[in-house]
């Protein structure tokens, strides 16, 4: 977060080339649905959802230093919250399900708020704990979450989850009924793509603003030296709680998006592995920055997909059954190796690739 | 109370800060002086030992009040109580009429009490500018929404306060280092960053814990000048903990001496320095002490 | 009543296995302040070596080799990977161990394949019966082993400089180095020890009443997380206490499941975590862990 | 031949150049003082000798360091300690979460000799700093600043080094104690330990040392016999804080020109 | 090229996704690196074997069968992604492990995709869709049959308590539905013990059931849990019969400490003959599989995998006869299939999507001597409570 310190004027010089990159990037992203097939769009959507969640986690863990291994719990709250708020009560394969049948846009908002509230409820506990202790304590959330998901059947649909009501904004449905745009049939993935992109953009910019502004500095201060932060006038407890709420809200939003992609909530999904993957994202991308979260999310969410997709053509894999390394295993190896390697060769995360030159810039300036 | 007898204006120690009348002018009309800081019968106990034992003293508005004493006498503990890091076992601290005892650190800070730390408390990777901007926290308002939505108000605020940080950095002599991570600075400079960060809080009372430790003689002189300049320019009260008697002599209007948590002496620097108890407990029989030693060197 | 006692004993004995795993976490945490997610795979490694060897060279030698093997794997991980990250943030290191775990687990599960491997232990399914209370001999063995090992470590930490070097290295590597601590060796030894502890734990995790070693065995390592935490991540005694508490909690939560239905069924896995959170609320650094300082 | 020989040592922290072609000697059984302002490179020098630059992302850009004719360049930090060179780092750096007693044990890790030797050293440092004996069970992080400094020093002594590198040992110590530190340094020096002393309390440093060097922005600007240096104007003004007339004037001028901070209004 | 060759081929056979002039490609969504790896491996290899055999025999409808395998390692995201990836290029799926994931994509299958999917799971929740078809009796019915077996052999009687140890999730909970139904029919009481796939030590459960004084135990969990349960019970002198669903056994267990106990008083209910049976079909499969995969053991995964595959083959043949290899054609063909048997002891009827393809179960008993470790103790039959039972009804 070194470049946070330059007055806008100072930052100006190395903004222009970036601006072009941004422009090109966004155009590409907007165009993709016209070229990619559903598989890739879905992969991209998962990545976007992951990115939103990871931004939240990075606010909490990267910037404020509250290690959380329970992020997937808040994703679950978001996902199921949406289903309950938007879904109708009624019979769903042999189960009586409760739903409020609210308009979906409202359900999204409420789901996000609900996740935030969940975070707020946990923050008093979090407030007492530090480091690894907090981390493992948050693990408890996941187990609680799983337990509830499986046992509160009439809300969650139990083990086989429940259908996710189709999102509809201003009468436009994000479902699979095909709309043909520029000779390209738009299914749910294509439509959701833009929704996801929008959510990510807004979420990203917001978090970036927070991190680079006054709250961000306070958060970092809390991470680096709690007592000093207090003495400098930062209400530590309040901030820690606030950040917990905010990050949970991001998780909630990510959860909603994931639910919409899945079209059905799957309890097994919101487990410990997922939580650890989120942690991996922010570490791989870079702790404490939005860019870090996004890059890391893309890496962690897309790599396995790529690997499985091309698993047949991976080096030295044998076809299933013939005893050798199966494609699945091969992709696991590469995934594990990638995590180790990235962190090894890019301490500080993938985003550090660009930062040094930015730094040098600012040096010359001052 | 001996220390309350003398007004900061006429402070003999104030001479070092230069022209008395100007000092008066400052603490006088130009601005209402900060309220006095009164410490009464403060006791702090930790498992097994009493770090402060019913200590009382008053920091007169706009004066420099030195607290000295042997290692482990309770000076930093005293600061920790003043800044709300420790809660006094008994006794009270008041700023004017407001009671400080039991307030959380950030509430104390909100009242305009700033401090530096004896063992540096700077995030090593954050830049100097960031650390100093943190000092502005209590003076700024932009919250999550404002910064997240990039409201113009937040931007304006940021701009103004960066400017002020620049001024303060200039003043303490860190203008060149604003963009460097604090951890990369030499020890002495880090001390200055702490001072700057505290000044960024625009305090009414400034608590300095060993501000010149780890500096060469003329760096000490410069820092002392900075502190004097602060008092002169802002007319705020300063509580100073320092083992360098030279600096204490030069800056302090009044001195309180602690030993084993008890207040064993108080008064003007001159009175204190000649106080046998102080000499026994702290300065040592030999006439020299850190700084005066130098003069003695000069005249063999 | 007998059910109560049986559940209690069962819990204690299972708990002592958790304690062994937790101790593995503790040792590495003491030395590096890293939460080691690769511990599960070390466990698998130790068990695997023992399992494949016991037919040819007999159980005890096989166990010996297994312990050594796991130690070697552990050291290898430290030497080839962890060492490169010295000074990195702890959460970063934790993630690295996740990567390592994925690698090791994949390799081992590939070797184990779909088999369920017996470790050829001498106890089989024999029971120890006192009055009308019965308990598997393997579990008695587990309890004894855990007690022994943990005592050994307590002594080691008290009477050798190993413990001091570890804590120094963990708290402030640079200054530790200035004191002559060989950081490399310290963390290497920690990983080696953790490995061998994992191997022992693996043995008791896979003998009766559990069918044997197979790919999912390593999942049991998760149970040791709450154990290590509620005992105090940097405390040997804590590992023991934590392990036992988790074991007993789990055992009771399962055994009295039908009386606890209002909590929903399958409560057994959750209970330890709830206990952990409760303990942490009262003692934020676990029962025996070192509290963090509040002094400036 | 000198106990410690530093030749043409250059060090940089990434782009920042901290030391340039620095050479200095510590005579066997002698005390050498190094003076210098903030950022002069004193700590860097000691880090280079104790091979702990790596921890600060610093790199030795050339030059050699020999101790008793043995090159230290190849060794790791622990190796240097094993060779008998021990540094007391700047800024205390006690192991905050460990007890005072354990800190002292940690200090003895690098020491040769068994329990007896250990007990002896312990007795010595306790006698030197009684507070450490009283607080043996307290966690170091809770000690007062000065007490921590004493602990840091004591911890260094526990190693019974043959060459002791001190980085501002009197930092934050009460005058009385500071003076005692002086005597202590002389005492251990008498028992045959050579000392390289970085100290801002120049008067004390020069009184103790036989040789002295002045570092400025990474280069040795003055060197020679401690007494001579103590007499030189430059040193007197900048490090001994002696204010003779001219100095006094420009000091005052400094006062005048010293920027005055105006009150903040907003 | 291959894939959406919508239209007709020379022989006037209508084709759609996944069918080209040369090939018919089928998807395999399996788990060979996750919790169901052992099942996934056997099933997949068996189906690979079937494909090879079929192609050697000239393929189907003049086309060779192509299996595209995706290993999702029991990760929901990967599973759904894999389905999305393969769906456009395949005719249907001969295997889809992990019924939560099947459930996750069911909307799409029923909605627009309409490809025939044969999940390797027997949960009644999967019934009802014309495209997702369970091959064999569902867990609930299987459990009813199992309990009926105990009743039939007077191992338990009216008024007894029986324990049911079951997995959290569709498998266990669907089985529980069955046992509760059976209990209510026969005047038994069920003592529930819910467990998770990570629990490997059944001591506590056994202790609890012992305390409750159950006369028999039903286990709807994995092989490990079954072995532990049986082992602990036997060792503790708690001698009650234990019956399990088809997924609650793996031959590897017979080599473990629990082996003897398993062979003593443990029974498995399943909708196929064991691979070790000396009927013609199982024998043939056993030898051929052993030949193809010498270093992999035989288990029931092989049988069910092979059965599913041959069913698909059968359906393709019928679809070919009626000159329609599109997904619709295939689905229609299946609905017309009311008496399908591959010589594994059970005839399946696929005419009613809402009903399981059979209500019969074979009861088997572990035996280390036979390949696959299971021998039949009761031929396929329907317990009469199972006749009337309908899920969710």
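Think of it as A, B, C, D and E in the order they're written, each chain with its own count starting at 1.
What we mean here is this: a residue touches a chain if its C-beta (ideal position, glycine included) is under 8 Å from a C-beta of that chain, and two chains touch if they have at least 3 such contacts.
Only a predicted model underlies this, so the values are computations on that prediction, with no experimental measurement involved.
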Remark   = Between A-E and B-D, more C-beta pairs in contact link B-D
Inquiry  = Going by average Cα coordinates, which chain is farthest removed from subunit B?
reply    = E
Key: Between subunit C and subunit E, centroid-to-centroid distance (C-alpha), Å   = 36
Message = From the mean C-alpha coordinate of subunit C to that of subunit D, what's the distance rounded to whole Å?
response = 44
Request  = Could you tell me the distance, in whole angstrom, between the mean C-alpha positions of subunit B and subunit C?
outcome  = 50
Query = So how far apart, in whole Å, are subunit D and subunit E when each is placed at the average of its C-alpha atoms?
reply = 76
Key: Sites on subunit B at which at least two other chains make contact   = 76, 85, 117-119, 121
Remark   = Each of the following residues of subunit D touches two or more other chains, namely 142
Junction residues of subunit A, two or more chains touched = 150, 227-228, 231, 329, 332, 363
Inquiry  = Let me make sure I understand the interfaces: which chain pairs count as touching?
reply    = A-B, A-C, A-E, B-C, B-D, C-D, C-E
Remark   = Counting only contacts in the complex, subunit E reaches subunit A at residues 30, 32-33, 41, 44-45, 48, 69-78, 80-82, 84-85, 88, 99-101, 103-108, 111-112, 124-125, 128, 168-170, 173, 292-293, 295-296, 391-392
Message = Looking at the complex, which residues from subunit D come into contact with subunit C?
response = 50, 52, 55, 76-78, 81-82, 86-87, 89, 93, 95-98, 102, 105-107, 109-111, 139, 141-142, 155, 159
Key: subunit B contact footprint on subunit A (complex, rising order)   = 1-2, 4-8, 205-207, 209-210, 212-218, 220-221, 223-225, 227-236, 242, 246, 362-363, 365-366
Key: Of subunit C, residues touching subunit E in the complex   = 3, 6-7, 10-11, 14, 106, 109, 113-116, 118, 124-127, 134, 136, 205, 207-212, 214-217, 219-220, 222, 250-251, 254-258, 265-266, 268-269
Query = In their shared complex, at which residues does subunit B touch subunit D?
reply = 18, 31, 46, 69-72, 75-77, 118-120, 160, 164, 167-168, 170-171, 184-189, 199, 202, 209-210, 213-222, 225-226, 229-230, 232-234, 243, 245-246, 281-284, 286, 289-291, 293-298
